[in-house]
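There are two complexes below, and they share subunit A, which is joined by subunit B in the first and by subunit C in the second.
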Partner chain A sequence: MSRFPVLLQDEPKTPPAPGKKWQKVTVAENGQEVEKWIEVDAAATETWPARSEMRLLNHALPRVDGPTKVTGAAQYAHDMRAPGMVYARFLRCPKPAAKILSIDTADALKLPRVVAADSLNVERTSYLGQPIAVVAAETPDAAEDALRALRVEYGELGWVLTHERALADGAPQVFDKKPKEGESPSNRVAERKRGDRDASRAAVEAAPFWTEQIYSLPVQHHACLETHGLMVDFRGGTEAVVHASTQGTFTVHGDAAEALGLPGASVRANVQHMGGGFGSKFGLGVEGQWACELSKRLKRPVHLLLTRADEFLFAGNRSGAVQKLAGGMAADGTLLGLSAEVDKLGGVGSGSYPMQPYVYKVGQSYCAVSRVHTNTDSARAMRAPGHPQASFGIESLIDELAYAAGLDLLEVRKKNLEDTVYHRQLERAAREIGWFEHPHRSRPGSHQAERAVGIGFAVATWGGGGAPTCQVEIRIQRDGSVTTSCGTQDLGTGTRTYMAAIVAEVLGLPIAAVEARIGSSEYGSANPSGGSTTVASLAPAVLDATFQARARLFELLAPALQTQPESLRIGVDGLLDTGSGRRLDWKQACALLPAEGLRTNGQWKEAFQGRGVHGAQAAKVEVDTLTGHVRVLKMVAVQDCGIPLNRLALESQINGGMIQALSYALFEERILEPWLGAALSADFEGYKLAGTLEMPELVPLIDDADTRQVVIGMSEAAIVPGHSAIANAVHNACGVRVRDLPLTSDKVLMALEKLRTQS
Partner chain B sequence: MKTFELHLPRTIDEALALLERPGHAALAGGQDLLTELKEHIATPDALVDLSGIQGADAIELRADGSLSIGAGVTLAELEKHAELARRWPVLTEAATSIASAQIRSQATVGGNLCQRPRCWYYRNEALSCLKKGGTECLAYGGMNKYNAILGGGPSYIVHPSDLAPALVALDAEIEIASREPRGARRRIALASFFTLPAEGDVLRENVLAPGELVVAVHVPAHAAGNWRSTYLKFKERSSFDWALSAVALVARIDGARIAEARVVLGGVAPVPWRSKAAERVLAGRPIDDSAAREAGEAALAGAEPLSGNAYKVPLTKGLIVKALRAIGGRS
Partner chain C sequence: MTMESNDSAASPEPLSRRVFLRTVGAAGAAGAAGAGAFGAAVAASAAAQAPAAPKETAKLAGELEIELDVNGARRTCAVEPRTTLLSALRDRMDPALTGAKLVCDNGNCGACTVLLDGEPVYACMTLAVRARGRKIRTIEGIAKDGKLSELQQAFCEHDASMCGFCTPGFVMSITACLEQKPGASLDEIKRACAGNLCRCGTYPHIFEAALAVARGAQGGPR
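What follows is the complex of A and B.
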């Protein structure tokens, strides 16, 4: 999204208020980045300490909540229990589309321990696995039995599950929409176009080296270890707590209150820990709506966490893509033309795609993006929505053209990347992966080698800027204890840790002296965590709150110390009065506070954060040409992010991105039975995730040459290029170009067989 | 899952008496049956838990060089047995290749041999395939990447056991207990325990009758000589997965030549697929790639790939090359 955000407004024409200026910021709405104009302070204020002076930040900090997680003490929504609680389950429609003629709940309600069974009143389903009824029972098993006792009468409807079938003549239509005059109905809906089609095509075909290929990617699942859902603790009183597995504490409680029929202030959302979201967990969802509805009706707590099959069928996914790309290259490697026609496969939804050319500069380009509907659940945002798809297309095409022109794969990339940050990052990745010692840098290795080793590259971009969304409170007690709180949530990126570290850094305290509290709608507001916007929205507010807390501390202590606030300093040696030279340690200083201690609230400061990150990755693979097995030997990622708040957490995010991309490259794929209309990969046997034995040597490198003294989110960027680099490395190793992911051994072996027969 | 009664017999006879009753199923390690229950693929009225039966979990190495493995021995016990690893590497390697350490600690030898197919049409409750009493094998004209290239029809499942090819390659026998006449035991070649869908009951994968129980497998002593063996399993995902193809190779080496060999393929047919043609090619040949390539051609000569699994032909040939190299490199 970063290069191609949805710009909602032009810069406002009205002048900003005195002391303010207009600033474009990015906010995440439903996990998608959109840009808005806001007023921010025009004048510079005190900002982040210099990196060289940092004691905690820019260091490797073990996460403060690590011990509670590894000991199992951390409570997730799945773990929540309450007296009288019941378990709810959905019945999924077993067909890709059907009329629901009737649902008879009588038999289900007669079963022991079953307390509710209801139709969702869906008249026509539009996707495979759509929930159509819900049950609740005192045990999960009884709920499963109740589902099986529901009697449903289905009416036939036509459906399509694949791209090919969706576009076939006379294909059943996913949406019952009247076509425009003179047009026949189609599941393909044109969305966006950019550039001149004919001119781009002409530029491509006039180039000395050109090719046209189809690059496709399957639907990928978020595969969150904790499925979607929540436990609504409402027992018929005047208050409720919603324990939710969500990426947005504040996206849940308002709608939950409405569904429960309670005032908004009487419902609290609790998100202490959540087991992965990757863009799929915003808002109440159908699961939250029904948990609240049942809880309200039964006056009992309701536990409604999706089953794994539910998760695979109606909890969102990364849209698939079929990209027809034609590209032309000059003899010196310059990309002269690109024509891209892209179909997104987002089921009944839209899916994501950031347009082409992605990151690279091309002389003359054209890009048209359409969505092609199928009877599958709607795609949702997933870590860097659309970017991995676009990356795979352009990076594959560049390699194919570079080989045709006989050019070095690294040099050809630099040639077409205007931003020299990429040059620096690619060179570092190349050094680290062993590119300069690699024997085939401008033509692929031989398919006759039994163990063929290859290297591939790819780049990424992301925004990662923040917005004025977070209210952070800091409290200092008379006994010296310090808490910082905000209602934000931690998706696993280490939110608590950097919150505590920022406060501790400025106040000269050890990190353990500061307690970070998050995940409650009782605390200050926060944005949902989407689009890597959390850190750049939250960290500035924490820093501002800390500066304010320090100022307030000096104000309160100065009279007691018979000095001026301006004379006071604080650091690792405690409080110093520069006037008298008197020192107090932290506890002694805090003991002088009034009985109520102090509290301050911090706001977002534009100057504390930035936007725009770059990443370059390289992958080294070994292809066993007897079996088609691809083993990734090593991956290197070079990633910038402004100030590295916590190097350990950053490396962990970069590793996670590489791992998720490796899994996408080699295995992950939603598999649907196109003729019978069934899901064949709705579990972790059919939907394969990379495991421990697939893990290569992972080298996460924080790009310290990025000296921007601001905080920027980077987690999305880390997932963008890895699979493209792996696919390129496979081609580089043995000359096999797989243009449809995943790169499973059967495809690689069959392509090798083809090369063997040709030679 | 469907509610069931649980029986805990103490003796084989008690277990057999229970298993004669309709709707009673034997429960060993539960690694296959429990998933079938949870997914409503199997819906027995009662489970007969074999874990309380004494004496079914022994590995016996006899003085004459033969080996007996109780049906209740876990895969973990099998893979950790040092003497087995020394004398029958094919068995240890097969055991180690199965699933995950967690599953191997529970899964048993008997259960591994009797497990049901993994075909995703069979495992999908909503679909009625030939294996579940339906009228056609849905994989045949459907998504058949993981299905059979040899011995298929009318069902195209592949047998999921990794121990089976290894044990067949060792000429193992299987011991089956039944109640009538009281205490009757029969021993048959393991190779004839498994049935092709065209030959036996298409709803089953072996000859085990209701009321019968697998109690042990017996591996005969090798004839004198220098024996080497290996089990090479190719998984789509190395971390834990089923075989896309596997080769169990057992050979007696005479100098630099193969005196005799057993070649049994896994993951490509509805039964462990012994290739006598490949064995004939190997007999008397030096251990080299050309022998292996010819053996591969012979083994796959009758392969009839479906629309999505032609890759299994070159894959299996490649694995035969690797298997022969593996035993060539072993002393």
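What follows is the complex of A and C.
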């Protein structure tokens, strides 16, 4: 369903092993989806219980680690302390690009409590805020003093910070690359093309209704509340513990061991809780490299967590986009042609974009994607990389064409979406938001209304499938205690809770009877959490481990009960021997286990998971036409996900997607001063996130009409459509089309003024 | 936490400077408005010029021992005049109190919210020395004898945390709100935590949790 992952190989020609078949799976690599073919079991075995029979799954489960979070007991990397620990800080280059001629650390090293000051040996910086030196001291204040005492001599280099300046004639080049013969150097690098440009252009221009517009989106920050970083607890012995704020326990572990010069087996990565990642926290990073380096040299624990300004300047972002879209529509609403030329703004990196026409069907379409470099830090994966950008382009364009043709905005979408799941989801969202009672469904409301109310729609897609990456262990002790463990990490999605719930569901136990242990490299391997691949990778392995634990339990108990394993059943009433009718409760049954209890390992099963989610959202806004202020009144999301493992946590994830999209629509924007080279939004004063007062009524709906009896990840999909729906709702309210997010009051007022002068 | 010094050069400063620094520390502790910034500037310049004997380092860095009333217990720690209450809790106490989070260090996000004599304050914007003689309550002091407060329990039931990093700040802001007005309305609850940010998007569930407690206080259904 999701058409955007990169396919690395074709289906293998060789026949699969006996009992196996070839299956395409999605693997997240640095948060980007990549497809691979693997061998899986051909025949399905026992699978998930029917939804109607579930006691725990498909219900609202309060997360099992809630109490530790609400009491402040949950320990994040930021909170780790150890005897002799020092605090490390980076010095950032204050210019977008510079030669680093010298760094004098002598004064810094003379300060009380300062224990280290090192140059990172960067000869030339290539982005604003690049770290160039590191210090460590016994208190955070002393580390700040050390930074101020560093003496750096900079040499001038040319630079560009904005799309416009990057493409200006004679612009300084971000990378010194020789251009191809006959070409002049450019910060624009062509990446991918699809479709026939001329044919698409002709189809657009031949259509009865057509338009060409530029839709742009700012650079968005992940703005994780816990900044990137880690505490490396190494005190000069033979072992170390690395407490990391990461989306991948195992993406940190090996590299940290190497950086510390210790065998992998002597280093433990610990990720019990982490304060948000959203795609930005994979791998050791420059912070991890230096924390390990300093710890190794000082033989002291090192706490290196980025400051908020560091986080804004060198911890990644969602790439901005400038999309030139031309589209043509028939009188009945059919999209006849689309031509898209897209520049991604990923700084010194690349950024993401899933190609147009996104999920829509278009007669003739063409899409060309380039990246335009600027002297800003590299974009990283961010929740549904590229999808919100593509969504804003195509959803805005469709609305503009629908109004031109005088068509209903809901019907136009259905007309151009082949997958009927979208029709069902859009209709439900429309009912819930009040579309069918809304007075203007095929033309915008009046800009003369003092408070104009409008509704907008948009849709999403994502893969969300899993891969054979997780090894899950289950242990049952003779006292009846049950643990399930895997080295995976919880980004706030509720991993521990569904792990415990799966085991408890099958064994007939209350959820509190199962302890889920995660976040340690001592446990079984796991994939990093990116691209909504965690649940479909982990949950199948937990289910398999549980089935195996149950089978082993029956094998071990049958002789003691003088029966056959096949006669045994287990459920909420305990263990039943169907032969004799004898019942034992859980504790009585476990007491019959051998002294060492029981231990099994589970693997991923292809049949327990699926891939491909949709999602439709609607937004209702109110525009104050005197001030240009936009207030979101209500948002509705309809989201499929296969089996809803935990309805409460799913609602939280869907709410989170809507809220992040609302924030992207109205407030969030990296602002750089293009001539002085300064960052104006490197704190929460200048970079605004939606807060409590901006919250509308939010309606997260799980699409229970999706009866696929498999687990699929959905968190990415929930963030894709919201901002597009809000921008469309603003247009629907008062006829103002803002093609450049965020929808700040000044832009809305300017557009209103234009409408007034025209009419 | 162990406080060691890397300074070994013994070059005692004139007595007058030490007396001066002590005076600055005392002035800061007494709560003179400008003393924090002034003390920090003096401390930084003194530190930059003066290597000192290990035992003198703390004083020359402008440090003084203070006693704070945290969750009903007397806690001592060494702080500089510029040390924030947040840093005192997180970095200067042993064992550290890390429930209040350092997120923006700028009074923008509320993750460090603690109660000073019942009023919510940003601990990152409050000098440690100004908190002397006042009752400090942190997230660690909200549950009593291992029993969650009604609000904490409601946070769990309504899934009002995802990554959980903002959660302690929200619990503190709303605890203060409900102590002052047990039957607070949704609008009052939203305003009480308008200075708290959440990135995962837990706001609606936070509102539900807080409203459940507020309705309970009015005798309504939870």
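The rule we apply is simple: the second predicted complex is superposed on the first by the 757 of 759 C-alpha atoms of A that agree within 3 Å, B and C clash if a C-alpha of one lies under 4 Å from a C-alpha of the other, contacts with A are read in each partner's own complex, and residues count from 1 in each chain.
Simple rule for what comes next: a residue touches a chain if its C-beta (ideal position, glycine included) is under 8 Å from a C-beta of that chain, and two chains touch if they have at least 3 such contacts.
Keep in mind it's a predicted model, so treat the numbers as computed, not measured.
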Subunit B versus subunit C as contact partner of A:Glu651, first or second or both or neither: second
Which superposed partner A:Thr71 touches (first subunit B, second subunit C, both, neither): second
Partner chain(s) touched by A:Leu680 [first = subunit B, second = subunit C, both, neither]: first
First (subunit B), second (subunit C), both or neither touched by A:Val40: neither
Partner chain(s) touched by A:Thr493 [first = subunit B, second = subunit C, both, neither]: second
Touched partner set for A:Asp107, first subunit B, second subunit C, both or neither: second
Chain touching more of subunit A, residue-wise (subunit B, subunit C): C
First (subunit B), second (subunit C), both or neither touched by A:Arg308: second
Partner chain(s) touched by A:Asp141 [first = subunit B, second = subunit C, both, neither]: both
Touching partner for A:Val122 - first (subunit B), second (subunit C), both, neither: neither
Where subunit A meets both subunit C and subunit B, residue numbers: 141, 148, 685, 691-693
Footprint of subunit A on subunit B - complex, ascending: 1, 40, 118, 120-121, 123-124, 126-127, 138, 141-143, 145, 234, 236-241, 244, 309-311, 314-315, 318-319, 321-322
Interfacial residue positions of subunit A with respect to subunit C in the complex: 60, 62-63, 65-67, 69-76, 78-79, 81, 83-85, 87, 107, 110-115, 138-142, 145, 148-149, 222-227, 273-276, 278, 307-308, 491-494, 648-649, 651-653, 655-660, 683-685, 689, 691-693, 695, 698
List of subunit C residues in touch with subunit A within their complex: 1-7, 44, 47-48, 51-52, 57, 60-61, 80, 82-83, 87, 90-92, 94-106, 108-109, 111, 138-140, 142-143, 148, 152, 155-168, 171, 190-191, 193-194, 196-207
Touch list for subunit A against partner subunit B, complex: 94, 141, 144, 148, 626-629, 666-667, 671, 673, 675-676, 678-681, 685-686, 688, 690-694, 744-747, 749-750, 752-753
